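Okay, here's the structure, questions in a sec.
Here the chain labels run A, B, C and D in written order, and each chain numbers its own residues starting at 1.
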Amino acid sequence: MKRLIPLWITAIAGIVLIASYFVPYAQGLGELTSIWFDILAGFAFILGGGNLLKVHLKKVSDKVAGWGYSVILLASFLITLFVGLGKIGVHPSPDYPDNSWSGVYNEVGSPFWWLYEYAFKPLTATMFAMLAFYIASASFRAFRAKNVEAVLLLGTAFIILLGRTFAGVWLTSWLPESLSGLKIENISVYIMQVFNTAGSRAIIIGIALGIASTSLKVILGVDRSYLGSARSEP
Amino acid sequence: MKLHLFALSVVFTSLGDAPATATPAPASNLIAQDHRKWDDGTRIDLAWDLSADDETLVAAYRISKALARFGDFQVPLKFELVEIVKAGTGEYTVADLARKIRLENIKTKYADIVDIESLEATNQKTFPVAYVFQIVAVGRDGATSAAATTPPITPTMEWFDGGRFWFLIIVVIFCGAVIFFIQLARGGRPLKVRKIAGLEAIDEAVGRATEMGRSCLYIPGILDMNDIQTIAGINILARVAKTAASYGAKLEVPTSRSLVMATARETVQGAFLAAGHPDAYRKDLIYYVTDEQFGYVAYVQGMMVREKPAACFYMGAFFAESLILAETGNSIGAIQVAGTAMPAQLPFFVAACDYTLIGEEFFAASAYLSGSAEELGSLKGQDVGKIIVGLGIIIGVIMLSAASVILDGSPGSPFGTALLNAVEYLKQVILT
Amino acid sequence: MNAAWAWTILVVVVGASLVVLVTRREQTYRALKDLDRRWIFLLMLLAVAIPILGELTFPEKPTGLAKAVFDEIEKLEPGDKVLMAWDYDPASEGELGPMATAFTYHCCKKGLKMYYMTIFSPVGPQMIDDSINNVLKTEFPHYEYGVDYVNLGYKPGYEGVVKVIVSDLKELYTTDHYGTSTRDIPMMKDIRNIQQMDLIVNVSAGYAGTKEWVLFATTPYPENIKMVAGTTGVMAPGMYPYIPDQLLSLLAAIKGAAEYEELVMSAYGNDDLGLKYRKGMLRMGPQLIAHVLIIILIIIANIIYFAEKRRGAA
Amino acid sequence: MQGRTLVWTLIFVIAGVWLLLRATTGSGMGKAYVKRTDQQFVNVAEAGEAAEWIEVHTPAARAYDFQDLPRYPLEERVGWTEYDPAPPKDWAAAEKANPGQQTYVFSLWRSIGLWLAAMFTFGIFSFLYRDNPFYKISEAVVVGVSAAYWMVVAFHTTLLPNLFGKILPTWIQSWAMPGLKEERNLWYLVPLVLGVMLLWRLMPKGGWISRWPLAFFIGVFCGLRLMAYMHGDFLMQIRSAIVPLGVFGPDGFDFWESLRSVFLIGGLLVCLVYFFFSFEHKGFVGKTAKVGIWVLMITFGAGFGYTVMGRIALLAIRLEFIFDDWLWLIDPTGQRIGL
């Protein structure tokens, strides 16, 4: 019973949404439920944040190796939460200067903005920038002409890499106009527009089908592992 | 928009030159009726008899609309240009109209022309909107005829959006196929499907992790439960967890969404139960880190080099972090199996992981792993979908190519044009 | 450090390694066979750092797609409405910042009405403010907020937002980013939905971004909604299938930005702007060197691979 | 090991000394400046009317005589000072014009932030060498700050306006969002109830109820996505794949264009064959699927090549931050002219 009701909820919700796609009266339903979902996700933060606190408070109380870092984590978490939720140091909005809460929560100059600007932003951006290094090591290790597939992969990457810089342009600039199609920048554009389009089109179509049938399986209750039933009982 | 400018400029230039210009006769019998096809109540069809001077003086017809009534409340007519159609055109469908309007929006947009108090007095939340339409014939020299105007009319919304009729058919065929094959499988008919490289690797990877006494790491992507890839990732997690439970391997699942954590806990608990080791389930191994993509990956990459999991699974929606994860995993010598439907990230997984489930294979994986006949049935359904694609493209391409060949040989040949129209119908009506 | 220095250092590094390669084949082979990847990291750092310090630049030759984007904006008349969907965040600013700046500059020069909004992430509004502060307020002080441009800010809900605003903008955007009611903003008065926009200019770093705009704005309203986009390199390949039906044209990554800058600057630029609107071009310097490095790495990796096979056979 | 520690100590010492010199000599480095703007608001509404505030420095203020203190008493005015980021060159220019001016000032807090940001940048990059305390600190900070950041954002942009703002508009409007002009919409009680159900799992008993909201939304989004992808991707991709094989330009048959569309359609079809599940990849199907994989590999190669660009740009901007904003070694955008 505890598992049957959710199955019915899923099925009905799914079918209603599918139907609503064809019924003009109900075409707003998708947007409404999307907004609802964001609200639920907002509630879920209590679960997630609670879990984060629990995990690291435990580490600290157990004095497990590296518990000091957990202290730092908790401190930065709680401080950010406090200054952010309380709109600490945020000026009122010019339209309602007498209402101290009317300002924008991430106003420039506020502590929350400071944390964003000098901690959040550099840390995440640097994390992202690390990819440049990993790309290099990956190309050194993974692009070896083991077989036809690998050759095609690295060959294309090669041409695109060249074609997307001045180097490529310069390499084949001696070609006459009649053979301009063979100029590397044009080859790279050709690859993108023909093979890449064909390939990603196939992938996109496949994915659409995969998503459709997965959704259908979930709605039909064939696949119900998200409810903790390992697999469908007959 | 260009057209409007053209006509308006025509009008203005006309004001410039002094000699009185011949004004064309107006269009007559202007009728407005609700859109013929089933629609979502935003269209009105206009039809009119051409001006007597259509052949001679008229350059174009200017169509304008104006609000007439909110419910029973008259509104002073303020005509705004809708479109300008060439001479010889006798009908037009005005789209993008409103059927009802919320009081809030009337306040926002039309406070200047209606008296809000009386509207509020009715304490209705929304009011039906009525429009009047106007047609003016614009002469070649810019002179404009008298206007033909319709009585107020409100578009009506039908219960079915006719524009999506063909789409419905296609959806029914596809879903029907999936359901049909599932039923077939339930009926015990054996279904043959090809192997997918990498799926066997999952069990063997978990096994190896157990032997080495190291943990398995499972990442269900970084999107929330409202993404089907996450749901597919959770499905695969169920199978992986079952294997891990039966091997007695340690399975760690850091998530970047609270809801995914909640769902994953349900799933893994269920899997351990199904594997007959409910007591081995530890929920504190499935935990939330942060919603921030790079904060999450910063944590996971550090965790990987410290705990050195022997098997890493990346199954879900991934973005830039894919390569960070895969390269770090590679540097600690873990077996890595990835599956995602993010076309942009596939290259990195393909380059850096031992096995990668590409796009559709990723969604198929849970069916394979479950080994349940009915789930395999759904794969046959997907193949039907691919057949639809293949046929659609082949038919369309052949017809279009034939048309272009014929029309190049003998321009304006009826057969060629017929083919061309058929393709247009296929593209513009069936496939939209 | 100036360009000459940068070149010298680069030449020395490359030359030295070549000498080593030639004179000490055996040792280098063994060294490279199981090379610690941290050496590669170091090389990459140098390959990017040196050109930046030396401010190396290379000429740009715009390709078809960049031209197409430029022409679409050129087509518009002064006063036309443009929806500037800035769907990126600080993490992707390095790649998308330059094209966002160039787009803003171009639209200002054309005298278009700019409606900024973002559905990508709550930090999007800062990106919009950057465009407003660095371009609009400095180069075009006579442009007035609420009359010539407006910052509608971020709304959560990803494609949900798009689905709503294609039919009713004010349903979601009751206020702008700064909390002013949209009914009090002159340029918002007669805006009902984004179908009234003459063009959507989208700068996108991922979900929700170009793909969602294509799926839920240009796809259902092909005749009313036209869009050009600039995306990160990683997204670009996935967007090609939508061109030109659902997406008019596309600027791919920093290269696309550099080409577009070239077009905009040669049409509207002047010298005293300096390199402010050439950020893309500036960033192509490190690009080039780093690309060459990666290509060399791939070549070396394969030489080693085949050498191994030969020795294995022998 | 001993040697390595020595080397690192040396590196750190040298770097430290150099930084010290760089920061203390010449125009220095890593300093942040701000522009002060004083804001003063006066309520110009008649007694009994809704308040109408005017900022005294704006053009709109000219209409009033704020010297008339009985009418506009000072104690009823509201005001504060805003500090906006300003490029060093503005500060330099202002100082040149009149030394000791107070419009542009040095900001200690933001300078500290700048240095902190630089430290975090190195902290993260240091992981490339190996895991170390600096990285662990940066990791802890980024996890803590970002987790809280998203919660704050969710609260201010979703829960306040879209939940409480819809259920109790007047109350929210009264204290949190004076700009809010919404009508009560009781439909939003549904997500409230679902949210409570979800949180019920924290209760000792009846945690199973929290499956219901999950089940509901999973159903909803399966329905939504099914349609969106079938319509947006499936149909549209078929549609745009239909092109004529033989292309005829103004001057007859265009070979290259035709070849292009042959590749385009052929490539797509063979890839689809690869994705077929019903047949083993043997014989003809096997060969076709093989070609399919080749096309996919070309696609992936292209994707990889493209992405390299973006990633390098990201590294570039981080280094630009270090060299330009922090170390003041380069100045491509002329932020520090006249300093």
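Quick note on the criterion: contacts are C-beta pairs under 8 Å (C-beta built on N, C-alpha and C of every residue); 3 or more make two chains touch, one makes a residue touch a chain.
Just so we're clear, the structure is a prediction, and the values are computed from it rather than from any experiment.
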Touching both chain B and chain D: give me those chains, sorted by label.
-> A, C
Please identify each chain that touches chain B as well as chain C.
-> A, D
Which chain has its C-alpha centroid at the greatest distance from the C-alpha centroid of chain C?
-> B
Pick the pair with more C-beta contacts: C-D or A-D?
-> A-D
Per the C-alpha means, the centres of chain C and chain D lie apart by a whole-Å value of 14
Between chain A and chain D, tell me the centre distance in angstrom, where each centre is the average of that chain's C-alpha atoms.
-> 12
So what's the Cα centroid distance for chain A and chain C, whole Å?
-> 18
Quick one: which residues in chain D touch 2 or more of the other chains?
-> 124, 127-128, 136, 138-139, 142-143, 145-147, 149-150, 153-154, 158, 162, 177-179, 181-182, 198, 201, 211, 214, 217-218, 221-222, 225-227, 230-234, 236-241, 265, 268, 272, 275, 296, 299-304, 306-309, 311-312, 314-315, 317-318
Touching two or more other chains - residues of chain A | 18, 21, 30, 34-35, 37-38, 40-41, 44-49, 52, 93-95, 102, 116, 120-121, 123-125, 127-133, 135, 137, 139, 141, 143, 153-154, 157-158, 161, 164, 192-193, 196-197, 200-201, 203-207, 209, 211-212, 214-216, 218, 226-228
Could you tell me which residues belong to chain C and also touch two or more other chains?
-> 37, 41, 44, 48, 91-94, 122, 156, 159, 179-180, 183, 234, 236-238, 241, 253, 255, 287, 290-291, 294
Is the way these chains touch best called a line, a ring, a star, complete, or other?
-> complete
Which part of chain D faces chain B closely enough to touch in the complex?
-> 124, 127, 131, 135-136, 138-139, 142-143, 145-147, 149-150, 181-183, 198, 201, 210-211, 214, 217-218, 221-222, 225-227, 230-231, 234-239, 241-248, 252-253, 265, 268-269, 272, 275-281, 296, 299-301, 303-304, 307
Name, in rising order, each residue of chain A that touches chain B in their complex.
-> 18, 21-25, 27, 34, 37, 40-41, 44-49, 51-52, 55, 120, 123-125, 127-128, 130-131, 134-135, 137-139, 141-143, 153, 200, 203-207, 209-218, 220, 222-223, 225-232, 234
Contact residues on chain B for chain C in the complex?
-> 1, 5, 96, 105, 107-109, 223, 293-294, 317, 319-320, 331, 343-345
For the chain D and chain C complex, residues of the former touching the latter = 128-129, 153-154, 157-158, 162, 177-182, 228, 231-233, 236-237, 239-240, 299, 302-303, 306-320, 323, 329-330, 332-334
Per the touch rule above, chain B residues touching chain A in the complex are 39-41, 157-161, 164, 168, 171, 174-175, 178-179, 182, 186, 224-226, 228-229, 231-232, 234-235, 237-239, 242, 257-259, 261-263, 266-267, 269-271, 273-275, 284, 287-295, 297-298, 320, 323-324, 326-327, 330, 341, 343, 346-348, 350-352, 358-360, 362-364, 366-367, 370, 372, 374-375, 378-379, 381-382, 385-386, 389
